[in-house]
Amino acid sequence: MYLAALLIAIPLASALLSFFAGKRIAPYLSLASGVVSLFYFLLLMGSYDVVKNYLSYNTSLAWIPEMRIFFHVGFDAAAVLPLLLTQLIVTLSTLATFVSGNDRNAAYYGLIGLTHAGLNGFFMAQNPVTFYLFFEATLIPVYFLVLQYGGPERRKAVFKFFLYTVFGGLLMLAAIVFLQFHMREHLSLAAWDDFYKNKLDLKYQYWLFAAFFIAFAIKTPLFPFHTWQADLYAQADRPSLMIIAAVMSKMGVFGLIRFDFFFVEAIYRWQYFLIPLCLIGVVYGALVAWRQNDMIRLLAYSSFSHLGLIAAGILTMANLGIQGGLFAMLAHGLAAAGLFFVADVLIRRTGTTQLDGMSGIARLQPRLSAYFFVIVLSAVGLPLTCGFVGEFYLLWCLAEYKPYLAVFGGLTLILGAAYLLRFYQKTMFGQTPVHITFRGLSLSEDYVLIVIGLLVIVLGFFPIHWVGLGQYAFRFMNHLPAN
Amino acid sequence: MNHIPEIIRTIPLSHYVALSSALFLIGLLGVLIRKNIIIVFMCIEIMLNAVNLLMVAAASYRGDSAGQVMVLFTMAVAAAEVSVGLAIIVMIYKNLKTTNIDLFDQMKG
Amino acid sequence: MNPELILHLILWPPLAGFLINGVFGARMPKWLVSTIACFSPLLSFAASVAAYIQLAGQATTVKLYTWFVGEGSAIVDFSFLIDNLSIVMLFVVTGVGTLIHVYSIGYMSGDRGFHRFFAYLNLFVFFMLLLVLGSNLVVLFAGWEGVGLCSFLLIGFWYDNLEYNRAASKAFVMNRIGDLAFLVAIFLTIYTTGAVSFADLHDTMTNDVRINDPAYVAISLLFFIGVCGKSAQIPLFTWLPDAMAGPTPVSALIHAATMVTAGIYLIARMHFMYDLVPVTQLVIGITGCLTALVAATIALKQNDIKKILAYSTVSQLGFMAVALAAGAYITAIFHLVTHSFFKALLFLGAGSVIHGLHGEQDIRQMGGLRHKMRWTYGVMLVGTIAIAGLPPLSGFFSKDEILTAVHSHNMGFFIALALASAFTAWYMFRMFASVFHGAFRGKNETWEHVHEAPWSMRGPLVVLAVLSLAGGLLGLPAITGQSHRLYNFLVPAIVQPKISASHAFEYALWGISLAVILTLLVICFKRYGSSGPSVPSVTPSFFERLLVNKYFIDEIYERLFVHPLKIAGSWLMHRGDYGIIDRVVHFPGKVVESGAFALRNLQDGKLSSYLLYSVVALLIFLTLFLIF
Amino acid sequence: MMTAFIFLCLFAIAAMFLGFTNIRGAIVPLAFAGTSIALYSVISGQPFWNHYLTGMVETGGTAKILCALVLLNALALIPFYAWYERRGQEEVGDFTGLFLFASMGAMLMVSSTHYMSLFLGVEILSIAMYVLAGADRRKSKSNEAALKYFITGSFTSAILLFGIGMIYALTGSLEIAGAVEVEGQSLLQLAYLFVFTGFALKIAVVPFHFWAPDVYEGTPTLFTAAMASLVKLASIGAFLRIIQLNVDLLPAWLNAYYAMLILATLILGNALAIKQQSVKRLLAYSGIVQAGFILMGFISLRPGEEWPVLFYFIAYVLASVVCFVVVHFVESREGTDALDAFRGLGQRNPILAGTITLALISLAGGPFTSGFVAKLYVLNQAVANGYAALAVVAVVCTLMSVYYYYKVINAIYSKSADQALPIEPVYSGLLILFTLITLAAGILPSFFTGLLK
Amino acid sequence: MDKIFYILAALTLIAAFMVVISRHPIRSVLFLVATFFLISAQYILLNAQFLALVNIIVYAGAIMVLFLFVIMFLNLSRDLERFASWMPIAAAGISVGGIGLLLLASYRGAQISTDTVGNYDSGLVEQIGEVLYRDYLFPMEVCSVLFLVAMIGIVLLNRKERELPAKLPLP
């Protein structure tokens, strides 16, 4: 059964072809690969029966048999939502480059394809080593994407990002090496399910969890490891930033989901400290976003703020938190991609990233302002958008954990509304400058925004099947020791 | 034939070991403190000779010819090294006009 | 008709109207836009009537599908509850809503955002329906947030104006504060009772009566914070006066008749819980009284016609809150209904005035309008005396009922409310007299163009005036010998003893209030009838300054909350990231770098040093391994 | 095996003689062919004339694999020496010949069972490399490199020889597989320490690394490639063989010895590399660090478990050959190997840029490259034998290495206005081939480890 | 006999030490020659006559002549060398002394077994020759390669530069 591996192979093949294809063919190749993987994913998902066969289409290869290291990818309930997000956003991000004056060369699309393959692999990874492998592998194309196609200050930003992330990755590698080799007599590391059944000494748990947590906290990012984020986002090429912000930023929290059932006791001990830490990030990010004048930075901090909430929810180790976390990942991914795309649209037309530099665009482009508004609504978690469902679950589980923490985390509702509406009003509302000519939305831009807008609404009305996946993802949670 | 040399009967091998070690260390000291590259090289030769002495002694005390053959090769190697080394020294002298070991520091850090 | 069909007919027309007008409105003629827009709430209204007839008092729950599932039994359905309470609310929302839609055709006819406006209005009606129909807290919350959103959109409808935008986001953010509390309250409710639908909650709480249970107190207080946000109670009321930035029909519909009463509706919905928590009731009562008084006093000194009405709304909402606190839920709903009639009327009338004066809102620039705007004058008169509480208009009966209920409950509240209703009469008469009586104080050319509103606007005014006149018939007090219809209608949904008081008290109350109001009427007409509101004195007294500046509440909030947060945000942005975190994180890097620098000095390019280091290293290794 | 030695010598001599003639174009193909024949005879286990080896050389097992690796390494490098021929330098015959001799010496080193042949192998390799280090006679840096290499090399020989002599004095045998328990005999332990130190100096691990950056920097880059690959391969291989042959006799402190060397190497080597501006120097430090990683595979080495180290050789040699060759091309165009010379390489020659990038990623241990798997293998060795903390330090120290590799990659992919830097398609093809092997070894390591076993 | 050993040993060490401390290169060379002779004497004591001869021929004869030649060729004979400053000397002295002490400490506990009785005449020419061409033929051949390499190297390093074609500038 190589069905799941095919999901990695499609973008990979397209990436390799893209590198050698011409500048004219590569975008279409990339788009085709995105669409094909999206439909292939939907096909797989359509025949995926989570109840009967929890882990499907898995490919397990003895990669390094001497060390009992397996390359194991597969399709499980936890992976479905992030995978959906990945296919969608990568496709949309490719579509977002279909604008006039697109001077990205073939290598760009190759790198996008590599990122795509890496992300698919990451979300489908079924054991720690494969997980790590893809965790790091996605870093490399993204690094080049920013380095090659980023803004003028990209060098420093990318450097910071790269070093931070690699540091985290190395900590994780150290932990995995330790697990894989030191504990191999005691542990089974072939697949998550076996992995979770292991019992680990508390003293090891502490150290290992710390390593994993820092890795994920940097990747996500969580407070106080977030300072690379805004710098990177501000410099990244914006269509690829859609992938970075919408999907890559989920890798950290997804990692938390993958690993937190292994470190149950350690998390229970440290929850008191970690959840507030995440929530500090929520407020911190929101406050900074509120004061930002640069819209990319604003969105970066907004992302930071939202992801803090997701991480906090996951760390409660409650079923609700996992479900909500997974769904909020999807919701935030859609919203973030949409917002960054809108920012891209605005910046391409006005030539500035500053909020002060624009106003009254709603008058010129009512359609854009409508799409934008829908996405903003999802980002602020308004009911009947998918953002609401995620935030509802997350705050819910926080409330069940400690009600005051829900209040604290819920400040995101207030502050999020404050800064996002400020962003919206500053760009869309206000006097329309007379001299400005604002190019209308192109067809590709329309498509991107429509798809995101529709999904936001549809998922807001009908989230149940998607949210429910989270329960299956961790159906063994019932066997967890009591808190 | 096969008579045991007197020295082997009177002097323990450890004295030879000590002697050659001392010689080796003197060579080492020379390598470390001398600045003239040729002298440094000569001190390395002293070190090699110390080892030769050690091996010859050990070979003789055991009546084993392997050590002596080894010494033969060491001498050959030393000769080859000396020739190459002096060639290098001459070459570098042509370019830099010095044999002071500390003045060859274009590359550092 | 089965209930599900009725529900669909109630719920979806406004959404459809929104979608059609929102998507295609720009390309459709105005008449089509307005027809679609007006017919969608009308259809809902008709369906509500059908529901009223068909369901005949039975509470019916319609489940569309499961929205999402939480832990255990907490299943959040997308389901709706049609009972008598929601039918009353439906009538208010769709009825008044339809009227205001019709009114808006005329009012907004010249605006370039015509279709947008109607789309928003329809969307608002949809969310309001969601709110009043939701059979569980989450669906209610969806509507709750949704109306806030529409409020945001409509306050900032003229988005060219930055001030309006500010007011809009202020409204939204303040509402959000309440919404957060609401949300947490939902979580706590689920946590304590495991239920999320009103029916289940009702069963749970009535089966297991625990007075002042801490969990219930917390939940009810949190809900009340939410109510404060939405229904503009102290301390979250400051957004409502600012919300007058929106077009006047919006003020009438959202910020007077429907949305702001959502909080009252919520507490009425959850009355079974509030019955169990006297502590919270006390808090609600105090807050309500304070709100009623503070807003009424502020209104005394306002000069913007809409601001006066806005503060009046806040004040009236305070009345309703106090009624809720007294356990008189039906009375609160009664006042809600009558208030929606006369306040909508007043706002629309004010809109007519503003329309006639081409946007002028300052009552100091008005006067003598009765000559040119007879219809408006007539309906405004009805509205004014209705709110002031002259019998037999609707406001009289509902307010009287509140006072009666409160009197038996808490004397302090009673005095406060009585004072507040006196103030109400005062500021209303002051406004009315300044606007319609005396001589016109504005510019002459304005006077030339003053005109009566078109019929599309006048029609709804008249209907509302009739309702304001006759609305009191819904709930005639016992002494009239008539049955209290609203009570009888609502009793299946809201379990509450009948409000009754001794006849003597009733008569005394009637008499005193009539006397006070008439006195005030005379004083006001004398004082403001000719000259309008006085020019503020050069050295205003402390109270005057306090009132003119609305007790400086906005400024206090700015200083206390907004400003510190702004400073914190800026500080974090400039110092937090780069000043502190980066420095801490980069410290090890710096150490490594300087270490590397030091190490590079060892690598000095000198062969003798290299050999020396190697020998030293050899020595170290030899030593180590000889020792160990 | 003997045939391999003979063929290498014959072809080396032939290459040198061809250097005097006008058909220098044939030198490199000839050398390549000779090396291939030698490789064939090594792999096929050709016993012909093996009796002349008089038992001093092992022809099977690890020695065979190491010899094959040495020859493969030679095969990888020889084509690039045609560059000198293209440039019209008539010494190409001498260079190629010397390189073949050096390879022969390396083969001898890694296959010896006797200190005598081991020492001779060391010397053949070293003398050839001294000369190659100084091959650029008119450049004073090259002179200096030759001198430093030579002095350090002969010093190393002396230290090594002293150790050997001491072992001989104490055990009476020059066979590497000594039959005397070392534990408890402090003098013998010291003797072994001298031998190890000799190797440490040859391998260039901290704190015996000082010569390496200077020498690497000064040596003509194509020979630096040889130095980084061949010399490391041979020295570590020989070291490996010594450990392997004495594994039951050596005392327990050996692991601690490795651990200290590794720790010093990883921390200091990485730290020193951080501030380098010369890419060659930087790669020299990187080589030092990689050697430290390789040493990790020595911890508690059991016979038959050498394959992690061998696999690491493959990864390291491929990557460092690619790196140095690319540096060579850039340097020969720009005249300097400073980081700035690499600016814009991504546009000027995407193949050079891509290959060196992947090579650097492999050196840094990036996923899906051989470097990653190789590091995993040796880390496994460390962790499985109780040196988990060491592994953790190693992994975290990689951050520093990422930092300086990053600097190079960053420079490569920055924008520049310089013109294109074309190289001949043969070279591009070879570089791509190496890169592909690097990737293949990262994706399908079991195939390679299967070969190594 | 043992006295001869000790005298020789002392002289060897003194000569070697003089090599190290003589500031004049020629003097160092001469002391080095002396050292070699003394070591050769030790070889004779040890019944290794062949090596003694080879030592004198190769070292004293060939190598030292090379050294002298180079010193003369480079005209170094006149300049007196300045030694390193006291710090490196002290460091060198301490480390070398330390190593010496460690070795000394180890000698005390060392039992060097020499009880394997072999052929004590192995140092004679015919013995060496026989062994060399029988048991150690392979290293012997390899040694020839070594010389070849050295020879080529020397030629390569000191051959006269020829100008390269102008169109291909040196890097």
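Should a chain be cited, it is by its letter among A, B, C, D and E, assigned in written order, with residues numbered from 1 in that chain.
By definition in this document, a residue touches a chain if its C-beta (ideal position, glycine included) is under 8 Å from a C-beta of that chain, and two chains touch if they have at least 3 such contacts.
Owing to the predicted nature of the structure, the values given are computational and were not obtained by experimental measurement.
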(message) If you apply the touch rule, which chains end up adjacent to both subunit D and subunit E?
(response) B, C
(message) Tell me which has more C-beta contacts between its two chains, A-D or B-E.
(response) B-E
(request) Name the most central chain, where centre means the mean of Cα atoms. (result) A
(request) Go ahead and note the Å separation of the Cα centroids belonging to subunit C and subunit D. (result) 78
(message) Distance between subunit B and subunit C based on Cα centroids, please, to the nearest Å.
(response) 98
(message) Counting only Cα atoms for the centres, state how far subunit A is from subunit E in Å.
(response) 69
(request) Mind pulling the residue numbers of subunit E that touch at least two other chains? (result) 84, 88, 91-92, 95-96, 99, 102-103, 105-107, 110, 112, 114, 116, 135-136, 139, 143, 146, 149-150, 153-154, 157
(request) At least two other chains touched by the same residue of subunit B: list those residues. (result) 13, 17, 27-28, 31-33, 35, 40-41, 52, 57, 59, 62, 64, 66, 69, 73, 77, 80-81, 84, 88-89, 91, 101-102, 104, 106-109
(request) State which pairs of chains touch, listing all of them. (result) A-C, A-D, B-C, B-D, B-E, C-D, C-E, D-E
(request) Using the touch definition up top, name the residues of subunit B that touch subunit C in the complex. (result) 28, 31-33, 35, 40, 101-102, 104-109
(request) Note which residues of subunit E are touching subunit C in the complex, please. (result) 84, 88, 91-92, 95-96, 98-99, 102, 105-106
(message) Give the list of subunit D residues in touch with subunit E in this complex.
(response) 5, 9, 13, 16, 52-54, 56-57, 87-91, 94, 97-98, 101, 104-105, 108, 114, 116-117, 120-121, 123-124, 127-128, 130-131, 134-135, 137-139, 146, 169-170, 172, 185-190, 331-333, 335
(request) Flag every residue of subunit C that touches subunit A in the complex, lowest number first. (result) 22, 26, 65-71, 78, 116, 138, 141-143, 145-146, 149, 152, 156, 159-160, 162, 165, 168-169, 172-173, 176-177, 179-181, 183-184, 187-188, 190-191, 218, 565-566, 568-570, 572-573, 576-578, 581-582, 584-585
(message) Help me check something: in the complex, which residues belonging to subunit E touch subunit B?
(response) 1-2, 5, 9, 12-13, 16-17, 19-20, 25, 28-29, 32, 35-36, 39, 42-43, 45-48, 50-51, 54-55, 58-59, 62-63, 66-67, 70-71, 73-74, 76, 81-84, 88-89, 91-93, 95-96, 99-100, 103-104, 107, 110, 112, 114, 116-123, 127-128, 131-132, 135-136, 139, 143, 146-147, 149-151, 153-154, 157-158
